[in-house]
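Presented sequentially are two complexes of chain A, the first with chain B as partner and the second with chain C.
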Partner chain A sequence: MYKDKLTYSRQLDQEELSSMDKTLKREINLARNIQSQLLNGKTPVFQGGKVSGASIPARLIGGDYYDFYPLVNGKLRIVIGDVMGKGIPAAMLMILTRGAFRSAAETTKSPAETLMSMNQALYSDLRILKSFVTLLCADWDPASSVLTYANAGHHLPLFIQAKQEKVEEVPKVKGIMIGGLPNQQYTNKSIQLSNQDTVFFYTDGIIEALNEDKEQYRLERLIQTLLLHKEKGVEEIQTSVLASVEAFTNGLAQRDDITMVVLKINDQQVEITSLNSPLMK
Partner chain B sequence: MKAGENMLLTVEKEVQHRTTILKVNGLIDITTTNLLDVYLEEINGMDTVILDFSGLEFIDSTGIGAIMNAIYASEEKNFTLKLQGIDELTDELFETVGLYEILAAFQGEVI
Partner chain C sequence: MIAFSIKAISEQEAVICLDGDLDIDSTEVVEENILPEMESYSQITFDFSKVPFVDSSGMGLLLNIVHALHDQHKSIKIINVNEDVQIVFDLLQIPEIIGEDIFL
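Let's turn to the complex of A and B:
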């Protein structure tokens, strides 16, 4: 009798566990779909160039983030970011970050102001949660082809000048991570872009990808890859970088979320798209 | 597996008077940071805590989060936090995210 009860009890636990497992998987998939749809939302059409974004989470869902926000003055605000950690906790904070960006982008005049506003909005929550977000925010003005950017602890974008055989970081601008300290001021810096110039924004999942010998992909390999493919279009550049990282890691599991945004100036081009969303014209 | 060891991270603890030195060897990422957190939680009554990264092979954003926890702990438990043995790549990463500025703001010191 006792054994029967015990057996019954164990079977019930397994059933409950199985049911919980199914529920959890279903909810993770729903969360993944929500994140994917938010990440790959509508993107506006602009004259003067083309931009594309791609994000590949290391797990089912990730903590990387990119977004495009068209401003009423005709500029396009771009943001790319990396939430500390991975998986569901990072994904939850990524959604929080997205909300803060969308709200700040609406009311602030420059990338530096956007970052300042986001830090003000997120600092208390991030401090309680012992987390942080690195962000690079930039305004691209299609009319003047000027890119203005500000940095909150993120890797600087790479500037691929069409007229020169070199790829280098955009001029340095410092700023600490969102959630690091309260009341932070950030600084704007600008560069003039010319026809066929490309700017490559990225997260550390690319340069920190490890191969079998525990070597990192590193910035030098990324620069070489961009040099090799600089003549290509924005989506092809993304595909080429991903292929290069995959070849380097040689089938090893992806350790960190990988995200990139590519902006390419084309005086004749009149379109903007995101890699995973339909072209909006 | 001994206490203080993880498959990918080991932490060597040395106490000299009122100074604790935690030497980290290996990787600090999402799979290993809890080990460093355990050592930080144990710290009490110290004037100085030194995190020695001379054996560090890799650190990601979660690892930086663990150092942020150490910075917060330095304020809560009133000790000076020092970072040492940082290689060029890691130094660049800490500089980029603003870790040194945060540490300075919390009255720490980098050596």
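Let's turn to the complex of A and C:
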């Protein structure tokens, strides 16, 4: 009788475990769908250039983040970021970051103000949660072809100049990562872009991808890949970078989330008036 | 997975030699092994000479170690950071966040 009871109890546990397993899988899939929908939202369409973003999590869901926010003055606010950690905890904080960005973008006048506002909003939560977020925020002005950016501990974007055979980081601007220190001020820097220039924003999952010999992909390889494909369109540049990283890692499991945003300028006459935001595709 | 060894200099002072990548897989080692081992020391030096790579999770762990030990009024130093790791430290402005005097 006692044995039977034990047997019964064990069977129940297995059923419960199986049920929990199913529930967990279902909820992870739902969470992945939510994140995917939020991350892969509408890409803005505007005259004077083209923009595209892509994010590939290392696990089912990830902590990398990019977003576009069309401003009422016709500019486009771009953000790319990396939440500390991976998987579900990072994904939860990524959603928090997205909310803070959307809210800050609405009310702030520049990338530096957006980062300051986001740090104000998120600092105490991130300290409690022992986490942080690196962010690069930029305003693209299609009317003047000026890109203004501010940095919170993130990798600087790469500037691919159409007229020169070189790829280099945009001029350095420093800033403490979101959640690092309270009451931070950030600095704006600007660059003038010309026809067919490209700006490549990215997260460290690209340059820190490892091959079988434990070598990193590194910034140098990324620069070579971008030089090789600089004539291509934004989506093709993304595909080329991903293909290059995949060829380098040769089937090895992806170690970190990979995210990139590509902005490319084209020759079209820009006709944007104030209160004329970019359209969302 | 990161490994570590402790070299006691005196009753108060110890050097912790980390060995391996400091990343998300180091979380349990740091929280369950390294931090409890630090309780009896008041001056702690982390030797990073055998740490080839630190990712964002590892950086978070490092910040948490430093904050936790500072809260216990312990003195902390970090030595022998390799060039690649130093680039990440500088990018994230870790010295500004935890104190430039920590790095030797």
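Going forward, the second predicted complex is superposed on the first by the 268 of 281 C-alpha atoms of A that agree within 3 Å, B and C clash if a C-alpha of one lies under 4 Å from a C-alpha of the other, contacts with A are read in each partner's own complex, and residues count from 1 in each chain.
One rule holds in what follows: contacts are C-beta pairs under 8 Å (C-beta built on N, C-alpha and C of every residue); 3 or more make two chains touch, one makes a residue touch a chain.
Quick caveat: nothing in here was measured; it's all calculated off a predicted structure.
On the shared subunit chain A, the superposed partners chain B and chain C overlap sterically. In the superposed model, A:Ile191 lies in contact with neither chain B nor chain C.
In the superposition on chain A, A:Met84 contacts both chain B and chain C. Once chain A of one complex is fitted onto chain A of the other, the partner contacts of A:Ala162 are absent, as it touches neither chain B nor chain C. Contact with both chain B and chain C is seen for A:Lys174 once the two complexes are overlaid on the shared chain.
Look at A:Thr134: by the touch rule set out above, it reaches both chain B and chain C.
Once the two complexes are overlaid on chain A, the chain A residues touched by chain B in the first and by chain C in the second are 82-86, 130-132, 134, 153-155, 174-177, 180-181, 204, 208, 216, 255-256.
Residues of chain B touching chain A in their complex: 29-30, 57-58, 60-62, 64-65, 68-69, 72, 96-99, 101-102, 105.
Residue ranges on chain A touching chain C, taken from their complex, read 82-86, 130-132, 134, 153-155, 174-177, 180-181, 204, 208, 216, 255-256. Taken in their complex, chain A has these residues touching chain B: 82-86, 130-132, 134, 152-155, 174-177, 180-181, 204, 208, 210, 214, 216, 255-256.
Contact residues on chain C toward chain A in their complex (touch as defined above): 24, 53, 55-57, 59-60, 63-64, 67, 84, 91-93, 96-97.
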